[in-house]
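In what follows, chain A forms one complex with chain B and a second complex with chain C.
== the complex of A and B ==
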């Protein structure tokens, strides 16, 4: 008796009415529909800037500031515009080559890469040692010390800029506070990778220490004991057993540090006294140097941004699985 | 030659202001090739003692020697030891081959030597053909065998095993136990084995070291610990089910307990005189139903009792007996004076709540000083007469 009625219901009414009836019978359909709507929203808001970057990059410079990007279509006398993937202002992919011709952009990318990798290695090494100590050893003042390290990341980085700039300029000796007694004179580090890697390492260390501490603390004591009995030192056990077993955590810390440094501009733009590749100016410095006193070449800046983003996109896609499992497992395990 | 010596080893922990003594002045001398079991309840210091030998814990005081070397402050890797852990502790990110060869690779052995040794070790623990598996793909018993192979592959002077069978099921435990004994025979290495399971200790070891509260209670061959326990703790710990303890007072001719008395000649033993408070220790298998009196080597008098609960085990029945009026007068930990546990033949037609009479084999009654817990004698000698006549039944002795 029920079956014919349902069939009747399904076939009656307009499309919306029919959909509503089916949704009432099967609420999962609503959730699924909402999921797709939400997904679509996030995909559009995330990918649209990147799409717009591509559009800008391939638009000829003289057309950038005049007219509309949206093509006009004459629909039976009613003029309408649609955002279509092909801009009607012309197609000039040459900007992807021009960016390397105007300035040595590849060197800026390389600078950022070198800075990011060096910082990541330093951070991983130091954070591993401190993660081991905080996660696996018991000593008085541990919580206080951990809080102190985390406090570093609470400061705005700008607060460190002026003192660090003074120190790295290497003009004045560093003195004992409130006295004139000199301690040492720092070497002149401005325009060298040292002036960037040192503050980056310090700034990004707390997060890495925190991540690795939670991971290293979860490795059973027995495994470390076993490694030590088998013939490693404590350090050997850390690098041969504890670190490989915490691979998701190490990958998370590494990728977060790498991306942060790769995208960094504030410190590096000031530590490199001019935005040139020889002064270790990073990627963002390179992108901004397409802006001169008289012209702003938005198409080149867009093209350079696309080129600069690609390595990180590749890195994240490759490491994604590890990062996701690292971020969640650190939070969920016990 | 790997003789292991502990001299006055003490380990104290500072637990938030409280000083906890985990190991208290431990002195041990373990001969080469000996199989020693450390046995004791949880928290008795047996694992800590082993960790000091392994080097995972540095003792607060005292010295440790392995062979002729003092190793007290050496790191674990330089002590010539190998260890099997309670939680097995295989490296989960390495396959069986890498796990077993880990120690050899760290010591830069040549590749063909590593292969040869790994193969031999795998052969001993019967792991052929599994060298490429990951630990997570193996059963508990197989993992345990990998852990043992990892220990023997380095041909250490001393094996340390920290409850290696604790996480295995009962059947596998018995199987691995015999494998360990076979291994000990094959390798001729000193083995120190920690367990809380006195049955494991009895079956495996050449000597048992019984520990309690960080102190060595007795170190002797298993049967000596069983038949001649040095004190109340060892007597209660070794043997399953546990020994019966009954408190009593020595008189000129007997030991009087609230519910019965045993003939005893105090002058046969040096340290006892009339009036002393003592604790009797009687194993369940040394109590017999009254009708078997003639088969008992040196029977006591008949003792009236009521069966309480029967626990048939298959090869024997444990019968809980209530003495006297059946009401527990004193509830102390070791001396539950009104209750006795008796082990009887499974064919017996004993019923619950049945009034019976039992006799005790006096040859196997242990006598302990109630105050110190030290053993006095392990064999009650009555003052020379025929025991049948004077055996007294004392139900209400006051």
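== the complex of A and C ==
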């Protein structure tokens, strides 16, 4: 290892001693080493659970239950054994096919996609109108309305659940609170996409509004004025000039909304009354089916989770810049 | 021929209406145009947030009658009973709303205490780890993009899959993490996921794993807005890295981090899905958990818990907004 030039400075001692000597002369080396240790630690801790899922997914079920799939190693020679998950006994990738055979898992994932895409379209349209207003127009009550929208985004979904569930059941007419005046009876929306898309739109609108407000405010007034002089209507200027020019912002809002809906648990698990794909139960229902129906088929649970997590992992890798800019430009809003 | 003309007139009438609508919109004042464009968001937030909030409060003033068929107006009685323990019998398991004593078992079986402990502890560790991650990502190094993606991925993992991951890691049949941690006395060695203290530990680890990256991104944004020349001045003055952190980095990112911490805490108080997946609401109660487990049978109780949750969160958000003023937007 040691080259002759280095040997001049550090003539004796083991590698650790030599490293320490050099580190004392040059503290930068210590920071560099600390940096790599920290980086390795963070990467290992964030990625290890996925590795564990993969190990479980490809290990045959009998080996999982007998516990023989974990080799025991001596830790620091202290006589203490630490089970490290390493795929050693048996390789059964068939679980990735079985998950689609036991329940229609692909339909659950498809439901999640349909819900996420529908919500994203609604949110982008409504948030574009609001983002344009907050970012480019001046009117009384602007700050107060923005604060109101901000506040809504922090309320817990549990505070909205009971009345929404009651309304979506469609049994009794919706009444104006604190009066007995009936307004109308909503159609029965439970077990339909509507019962999820409506609450999702409300929950994830505020973040999209704040992101688009920031982006739309940055488009120079001159461009909008030029479009108006050319004869475009006010709405035309928004959708044909400002929105295309803010494409990165729109993409950011779209990616964040999509991920939020795909990840949502609360309404996703409650608004579909039974976890079956025909009732529009999304990913949550599919994965929980494995937990409740096939309680000891841990390899299937793991395989289903790997499949379910793939779309968002791909999205994060592809749209990383957009996610980072959205979370930080909408900064502390969500 | 005649149908053709009729169609054409209908079409021209429709385009006439469209032109009229466009002309009407073009002539609106800026203020009215602003309110017009805000109508859709008001309708959605009215339906999804405002109406449910008011209706929840209204329902919280009623109790299910003894024959379980109708609702009786009881005023604030639900709230009084909630805080005096009268509603505890409707909660699943042996859970309570307020802790009965200040002992650990009493705290982990109280919905309010569990929620607050979860929010405070998880956000504390998320901020520490997020700061560490942000300091790493703030450096320039080869492959930074990939490391950043790796660190963000847990944030994007669906709650249900996050739950399954930690369920599988700590399950007493196949989980590898339970034996060593049980040896250290941190977890119960058998039936781990049904032990309230162990379950709390596990959902804390799960939440810290998932959400640290979010704090890291916010802190990273703060770090990158710091004027780099300050560090050059400090280097010339002979400040060590630690002194640079203590006197430049930390004070400058503190305001950003403080607001992020408060808002994250509010978010953490919504905890539900991870408890439902890893353990169960009967083992470890949170406020949202209690709303869900009572809303089918005891609407009044459920609504009062929901409204208390909303009120606590509303008060914290109000304090932050008043404190931050216009900067909060």
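Operating definition for what follows: the second predicted complex is superposed on the first by the 269 of 334 C-alpha atoms of A that agree within 3 Å, B and C clash if a C-alpha of one lies under 4 Å from a C-alpha of the other, contacts with A are read in each partner's own complex, and residues count from 1 in each chain.
What we mean here is this: a contact is a pair of C-beta atoms (placed from the backbone, for glycine too) under 8 Å apart; a residue touches a chain by one contact, two chains touch by 3 or more.
Values in this document were obtained by computation on a predicted structure and should not be read as measured data.
Enquirer: Return fit or clash for chain B versus chain C, each positioned on chain A through the superposition.
Expert: They fit: once the shared chain is superposed, the two partners occupy separate space.
Enquirer: One more residue to check, A:220. First (chain B), second (chain C), both or neither?
Expert: After superposition on chain A, A:220 lies in contact with chain B alone.
Enquirer: Would you mind checking which one, chain B or chain C, touches more residues on chain A?
Expert: When the residues of chain A touched by each partner are counted, C comes out ahead.
Enquirer: Which angle, in steps of 10°, is spanned at chain A by chain B and chain C when each chain is reduced to its C-alpha centre?
Expert: 90
Enquirer: Under the stated touch criterion, which partner chain does A:233 make contact with: chain B (first), chain C (second), both, or neither?
Expert: Both chain B and chain C are touched by A:233.
Enquirer: Is A:279 touching anything from chain B or chain C once the two structures are fitted on A? First, second, both or neither.
Expert: So A:279 meets neither chain B nor chain C here.
Enquirer: For A:199, using the defined touch cut-off, is the partner it touches chain B, chain C, both, or neither? Pick first, second, both or neither.
Expert: Only chain C is touched by A:199; chain B is not.
Enquirer: Answer with first, second, both or neither: which of chain B and chain C does A:265 touch in the superposed model?
Expert: Only chain C; A:265 stays clear of chain B.
Enquirer: After the superposition on A, what does A:102 contact: first (chain B), second (chain C), both or neither?
Expert: In the superposed model, A:102 contacts neither chain B nor chain C.
Enquirer: On the combined arrangement from the superposition, state the nearest Cα-Cα distance between chain B and chain C in Å.
Expert: Least C-alpha distance: 6 Å.
Enquirer: Do any residues of chain A touch both chain B and chain C, and if so, which are they?
Expert: The overlap between the chain B and chain C interfaces on chain A comprises residues 233.
Enquirer: Show which residues of chain B lie in contact with chain A when the two form their complex.
Expert: Chain B reaches chain A through residues 54-56, 75-77, 81-83, 85-93, 102-103, 106-107, 150, 154, 160.
Enquirer: What residues of chain A sit close enough to touch chain C in their complex?
Expert: 27, 31, 35, 38-39, 42-43, 45-47, 49-50, 52-53, 56, 64-65, 67, 70, 82-85, 125-127, 129-130, 132-133, 137-140, 142-143, 145-147, 149-152, 154-166, 174, 177-178, 198-199, 201-203, 205, 209, 233-235, 259, 262-266, 269-270, 283-284, 287-288, 291, 296, 298, 301-302, 304-305, 308-309, 312-313, 315-317, 320, 323-324, 327-328, 331-332, 334
Enquirer: Which stretch or stretches of chain A touch chain B in the complex?
Expert: That would be residues 220, 222-223, 225-233, 236, 241, 244-245, 247 of chain A.
Enquirer: Applying the document's contact rule, which stretches of chain C touch chain A when the two form their complex?
Expert: Residues 22, 25-26, 30-31, 33-35, 37-38, 40-41, 44-45, 47-49, 51-59, 129, 132-133, 135-136, 139, 141, 145, 147-154, 156-161, 164-169, 171, 173-174, 176, 179-180, 209, 213-214, 217-218, 220-221, 240-241, 256, 259-260, 263, 266-267, 269-270, 272-273, 276-277, 287-288, 291-292, 295, 299, 302-303, 305-307, 309-310, 313-314, 317-318, 321, 326, 328-329 of chain C touch chain A in their complex.
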